[in-house]
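Letters A, B and C mark the chains in the order given here, with residues in each chain numbered from 1 onward.
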Amino acid sequence: MALADSVGDPRFFARSGPHSLATIATLIGAEPLDHPAASQAVTGIAPLQTAGPDDISFLDNKRYAPLLEQTRAGAVIVAPAMRPRVPPDCVALVTPEPYVGWARVAALFHPEPPPNPGIHPSALVAADAEIDSSVEIGPFVVVQSGARIGAHTAIAPFALIGRGVVLGQHCRIGAHVSISHAVIGDRVRLYPGVRVGQDGFGFAITKSGGIPNFLSVPQLGRVLIDDDVEVGANTTIDRGSAHDTRIGAGSRIDNLVMLAHNVQLGRCCVIVSQSGISGSTVLEDFVQIGAQAGLTGHLRIGAKARIGAQAGVMSDVDAGAAVVGSPAMPIKEFFRNVAVLRRLARKGGADKSGG
Amino acid sequence: MALADSVGDPRFFARSGPHSLATIATLIGAEPLDHPAASQAVTGIAPLQTAGPDDISFLDNKRYAPLLEQTRAGAVIVAPAMRPRVPPDCVALVTPEPYVGWARVAALFHPEPPPNPGIHPSALVAADAEIDSSVEIGPFVVVQSGARIGAHTAIAPFALIGRGVVLGQHCRIGAHVSISHAVIGDRVRLYPGVRVGQDGFGFAITKSGGIPNFLSVPQLGRVLIDDDVEVGANTTIDRGSAHDTRIGAGSRIDNLVMLAHNVQLGRCCVIVSQSGISGSTVLEDFVQIGAQAGLTGHLRIGAKARIGAQAGVMSDVDAGAAVVGSPAMPIKEFFRNVAVLRRLARKGGADKSGG
Amino acid sequence: MALADSVGDPRFFARSGPHSLATIATLIGAEPLDHPAASQAVTGIAPLQTAGPDDISFLDNKRYAPLLEQTRAGAVIVAPAMRPRVPPDCVALVTPEPYVGWARVAALFHPEPPPNPGIHPSALVAADAEIDSSVEIGPFVVVQSGARIGAHTAIAPFALIGRGVVLGQHCRIGAHVSISHAVIGDRVRLYPGVRVGQDGFGFAITKSGGIPNFLSVPQLGRVLIDDDVEVGANTTIDRGSAHDTRIGAGSRIDNLVMLAHNVQLGRCCVIVSQSGISGSTVLEDFVQIGAQAGLTGHLRIGAKARIGAQAGVMSDVDAGAAVVGSPAMPIKEFFRNVAVLRRLARKGGADKSGG
């Protein structure tokens, strides 16, 4: 199975086009075009390596700049600094935010299909659920009593929308998602297998019977997810215990992340995959957490703080700080430690072999 | 979407009450009440910050003691040491285990609804499955041939109870759970998306064909889950290969945990989220494992040992020991290493800039 | 619930046999048998501890050699070096690859049932999907428009085979799996809860509105999974953004692994549970990644490289290299660092208490 790379395989993606370069330049706010081919149109998008004269491509990561010089693309979206490296036959669309431009152009050529309104006959929707007529409810979906689903939202097969759950407008709920005890805003996307609203990990330890024994603590809070949040596949967000678990507007959460009960994320937080945040920890706005990082409970992470991949955070982090390591420390200190230990180990090894 | 915090939102939770403080004191074994308002009743529960005069609250974590002094709650469950900090208008219910008391009171005001006996018409239950008449089987559940389900157990939508699986009494099986090759005791709770009984990660490497090649090893054991176990959302428990995978009574497993084939957990082990235990490792009773810790295979972890978050355990751990770090070491040694390295790095940095 | 260990519990596994030791020796390529009991047959398989005279067992891990000397098994599969430790009443089947032999014998006694051809009446299969007549489609499966499923493939309950997805022959798709935007080869196994083909974690950050804002980047690639791949429970494989995500033939991926968009795995890579590989990182053939390891994006990992458990890999790794630690370093250097730090900490502690 040696398939060539493909962008926008028509089996999987809708297509539109061709679109003129002038239209595209306007769409992405690029500088005025000054190339002889600027009046032409392109029919598709492709990465630099495989793009042909009818395609538009882009460069964002400088690591791939050598590919730019060799591309056969008809046009390319680049930052100003890269303009000199664009081949002469290729029209440069210059913008300070080429990746943003790429996002817009990709969506132009491959628009996401709108929901297909209606309730699939195999779905089970409670009689008292309030479903806007524009909503798409897929096969084998279960919507329980009292749930409310806003306009233009689409629910994929096998999703469970639990009793009383509120979903806003223009949401996309993936296959096999389960949601309970939650109020969810507009334009929220939950990818397949996401778990929202199940019991948090809460139990009391009683010794009254002589040996330790665990007693479950009722988890009586909710999950509140604000507008424009995305949650990656198989991520779990437990509901609050005596408070609510909250995800601030615009936050982006990757796959296999664990958010424990009462966690609060501010606006536009970014949580990369396989990270975990323990109970009652609060992230202010614009916090970024790298992959596989872990935060203990009851912490406060200041706005715009950055937590590195695999960090183990055991105390509060100041706004704007960047930490990494386990236990987490300022990023400079971490790499200084690494370097010092390496130096000592080399000497130590020499001492040892010399001794 | 700026919703106020809520405990026991009636859309999601049942309610009972009011309940008299005398009843509550008896329920939780609190000291006799000696407050003028002790004969009154409360109508609900709430955290310290939001509780009003008709609510009962609690304090367990000393970190939040300042909230106690300012609470408007009508009554509060506290440990003896906190009694002096309870405001004069607030009735103190004093107990050595306030969190246990809170668990009981929360369940009093918000009792979990019992199963609703019956098999949903959309469920597919094999003719030879043995289902107690008190069992609740939800929409789109599949129960395969020879499965047995004990009294008062409830199965949520989209769960798969595989061929021959045995489930005890009073279990709660969450949405989208899959169970195969397993025998499960009473009062076991599996949260949404749990995977029990699939093939372990077992293959032999053969070089007979010249290049290495993988040959799957049939996984012929089972998963045995004893009474009173809870398993968090999207956790995976593989079945044994030539032994059984075993989870001891009362153990609590959080979300996104990985338990490999032939792992054995003793009684009342606690495994926090995103931890992983490799094949054939044995945990004795009351072992605690912090979040994101990893244990290699074929180890023995002694009773009451504590493994810290993000630890990487590569050798046996003595009973009662506390280890952390990767590779794991005694907790004191770990933090001494951290401190020494920091000191050296500061000096080293000075040397370097001075050199 | 004190159940004895069981191999091949008939509630869960098919059985065949008895089989003669001569047949078995031929099957596994063992040396010619020279034991008086070599003409006999065995009726089942069992681990060394529980096997009786009618059972065959095996020893692969030297750690368990003492069990060999005490086994009551009728026959045992061992490496040449272990032959002297086989008890006199036990027939030794000697082979350089005893674990491979065990895999073959276990499959002989407990063969995997073939698919049961047909489409369950509750399944929803699009009219234009191409399904071979030998395919098994279980209850509540959804197969969307344009999907193609090859001969002898079996699809478990609640699986979603998305629009246009291609599945090869002899595949096994577990319960609650979701697949979209993917082309999958022959003999591929996806365990329950696997997510294939959902959107990668891709967004552009625009500051055009004054404050940072996230704009989703359309994810227009696919997931290509080559022949003989296995993917563990609840693992997530995102589709490519402007390239394809690729999994090379024969690769084995454990549970709860995260493979981000555009990741490429070569042939026969092994990824142990809870590891994560960030976007666009390339693994050449035969790379092994231990549990809970993490790789940042845009790296190249050379053929046969080995990444240790919990490693944090931030730069390319040479072919054949073995690294561990976070940040990852050669394995020798890592353990030298650990030893040196321990030595310094002991001295440092002494200095401190002495100072």
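Going forward, a contact is a pair of C-beta atoms (placed from the backbone, for glycine too) under 8 Å apart; a residue touches a chain by one contact, two chains touch by 3 or more.
Computed from a predicted model, the values in this text were never measured in an experiment.
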Given that chain B and chain C are copies and touch, would you call their interface same or different according to whether over half of its residue numbers are shared? different
In steps of 5 degrees, what rotation angle do you get fitting chain A onto chain B on the CA atoms? 120
Inter-centroid spacing, chain C versus chain B (mean Cα positions, whole Å): 27
Going through chain C residue by residue, note those that touch at least 2 other chains and give them in order. 140, 158, 176, 193, 234, 256, 274, 292, 310, 326, 341, 344
Would you mind writing out the residues of chain C in touch with chain B in their complex? 1, 3, 5-9, 11-13, 29, 45-47, 61, 63, 97, 99-100, 102-104, 106-107, 110, 112, 122, 139-140, 156-158, 174-176, 191-193, 228, 230, 232-234, 250, 252, 254-256, 268, 272-274, 286, 291-292, 309-310, 326, 338, 341-342, 344-345, 348-349
Name, in rising order, each residue of chain C that touches chain A in their complex. 124, 140, 142, 146, 158, 160, 163-164, 176, 178, 180-181, 183, 185, 193, 195, 198-199, 201, 203-208, 212-218, 220-222, 224, 226-227, 234, 236, 238, 242-244, 249, 256, 258, 260, 274, 276, 278, 292, 294, 296, 298, 310, 312, 326-327, 329, 333, 336-337, 339-341, 343-344
